[in-house]
């Protein structure tokens, strides 16, 4: 394993320490519960927003804490939902009289932890709602499955509810907006390589030099199918088609397009992918109104990318354009 | 597996069967961190071994501080540590399992084979509810439930055969071998719960990590028990 | 090679097309000269700023074009300086009456191309100055060598001169500021893995699983020495020591600290490195006033990182804090 | 190396020796893209083959459009394409080399061996100035200059021996073998210019990519010339 790491067991806490040291004015790190929160949270005049899930998806979600986005993020260990207790303590720390909205990607472990925490916090008299995000089109949604996964599309939910909460919307309204954004957001991802969790020390799976995994999530697990590596144009077409056909997005729709890197793919390639996806969508008459290219929700060092579309209306466009201030500043 | 005996280095363990079993579970989880992780990596995300090990490490570290006023109280403390400190899907599931097991023996001061069956049944029911899962979904339930069935059957058979008390070493061996058979039998199954379910058909062909963990733990208990007596 | 690429020869133009499509209002792509420029350049009221160098360093420099930073970037092919002619055409396109400042990382090929272009443009009556950036402490600077390389520290020069130019400073003043920032900026980098240029299709060098390259530049070339992989704390200490001892930075100095990823290292690890570097600097009494963690100047998909320090004074701090608007926005 | 003859597929090439040599240089650069790149990858950045190939590809594509009013005018056009379209260090260096070579024969309508020496000397001087480099820095100069020396020496020897005109096939062979020997001799050298110089001592032990390219090109010219006559 070739990583910047000391004891792999301390990978997550040492990362969070670095994050807090780099943002001394705006963030607070609470080691007991492995949590990052805004230094000024909770604020009585806004709904508090919390997102959790395993670590290894950075910048999601710990680097999305700040004005206009999350009030706190409580990440678990790499790819593991946080313990219930940590979520519960996080909720207590940011509890606002206007309530707390918990955002959770739809995975069994995360949902269990957040729902149990919600119950515990409500018993303490805190008003809490939980919204599950499930934008991944590669997973079939049926009563025999656990439903779609939440992947990179969670960024748009966080951004929209963050803006709404900042403007003073009440809990019901913030929840409505989050649910609406989630309902018009779809993602599909693929991996060129496997990733290596620090504690495991070796890649999660073996992928020959001429093969890829299509339909991956964000936990380094294999995808729906293994396929041959092909020119970017063809692979992007497969991603775009899966996403477009799912909602479906149709000619005349105005959308936000995100090309999200999974951690090991350089930004030059992501812009190349963006250009291909943009043109393929334009061919279908879909109008791209907002563009997002970079890393938003990763799988450690996995090379690969996902494509997300959000169908925009005036309300969503306005919320996405609102200012925010999170650790991911460039300058 | 480590050569360390599960009770080594702990003077205050006492020698109740329950403590012996819990400590063996904890030590097995710690010793098999890598193996359990590899199993979860095939069609999952590889953290199962890590999650269990980090939690049971704390169970071992806090061992001497646990309330020992009754078997039920003791189990509740263990459940609390697991719920608090284990993340992933395993935290809530194993925490619930221990908590429900505690509930099944809340009025008991001494435990026997029938209590063991009751605890295992309660644990499995708790996991089903918490995980919205059932037998056949290719999870640890597919080892836990057949193992419990075999244990119950063996106790009944001993009773029917006129024996008053079943030999615990033999019971442990029967349970372990049922768990192993059942864990192996998860290989051809299609996962309908847990992360492997996302890979669809590709979940077929490898055993479920949780089910194998149950088998490995049960075997270790049987081995240690035989050595103990 | 596992990359998102069609014909490798089109890697750079397809990336630039994507970049322009994602920023239709602010950027213009000129395919004839492989160049990205601000849609509103040149502006008569400000010095125009141009940076070139090979591609493969993204976000440097094409993604640093925008208000408050560059007016144009003319990248060559991957790791190759742009042809003289392209630099010359770029200068003509953004020529402002206030003059043009060319920023060039100190490599033979880049310097030759930019100096020849400067001569050609001056012959046309355009006022041009060229500033070479050379922040890399891993290269010995002597008359027998070609001097230090320019690496990730170029970000600070771009940012400071960008802010000064935006405020209307004249060419001499903008040059003075750039030279000053360069003189107080030092960088040292290391690689965990080699990178793979699309046209080559295989890694530039082989690095065993337990070895690293210490003192690398940004062109995928090997470093000064090969060393054993060690815990992050020790490797970071080697980088920090090399940087601090070079200027040297001393107790009481206020600095900006950048942890720059080389392309394949996930941001979680970069924050871990940041935390370690921060503490090591604090031990030496060096005060960190501004923090930069992420990818600023990469080597394609190379895993690795560099550490940059800038000694701040009020003028530099003020320029670094000025607003900018470049493609690397997050939301 | 490709089996394609350097003049194949081009009716308008004419048959002047100069055009033959330039075309062979261009074709060799295109054919050896991978090899030259690998050489540059050892302690450089691996783009040398790519840079040359992309430029000389255009030289070949534009071949029929070049001004042929004089050898000097022809070389100038080639120099322009290289300067314009080749990036990296090689663009300015090779562009300068061709431009200076053109200058060395500005008044000549027909070229001989002495002109070849003059062109090569001028090219080397241009590279020195442009690259702030000299013999011994471990660059292509370390093949180019010894090759030129050998060529000059051979012409002098033929003259001294009473021969009026040296056999061009033999001259090309002498030049090629001198270039190869000199290129091989760069292996133990420490790089003081170019990207390999950044690696310090590690530049010792592999030959300079540019020097080897000179040898490969010279050998190809010698081979093709022998085949041609």
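By letter and in written order, the chains are A, B, C and D; residue numbering begins at 1 in each of them.
We take it that a residue touches a chain if its C-beta (ideal position, glycine included) is under 8 Å from a C-beta of that chain, and two chains touch if they have at least 3 such contacts.
Only a predicted model underlies this, so the values are computations on that prediction, with no experimental measurement involved.
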Partner chains shared by subunit B and subunit C (touch criterion as defined above): A
Chain of greatest Cα-centre distance to subunit C: B
Inter-centroid spacing, subunit C versus subunit A (mean Cα positions, whole Å): 29
Separation of subunit A from subunit B, taking each centre as the mean of its C-alpha atoms, in whole Å: 33
Approximate Å spacing (C-alpha centroids) for the pair subunit A, subunit D: 55
Touching two or more other chains - residues of subunit A: none
Set of subunit B residues in contact with two or more other chains: none
Category of the chain touch graph - line, ring, star, complete, other: line
Interchain contacts, given as pairs of chains that touch: A-B, A-C, C-D
Interface residues, subunit A side, partner subunit C - complex: 1-7, 11, 14-19, 21-23, 55-56, 58-59, 63, 159, 192-193, 209, 212, 229, 231-233, 235-236, 263-276, 278-279, 288, 291-295, 298, 300-301, 303, 305, 320, 324, 326-331
Touching residues (chain side subunit B, partner subunit A) in the complex: 37, 41-47, 50-51, 54, 83-93, 95, 130-132, 192-200, 202
Parts of subunit A lying in touch with subunit B, wherever the complex brings them together: 9, 54, 76-86, 107-109, 112-113, 116, 138-140, 144-146, 149, 197, 199-200, 204-205, 217, 219-225
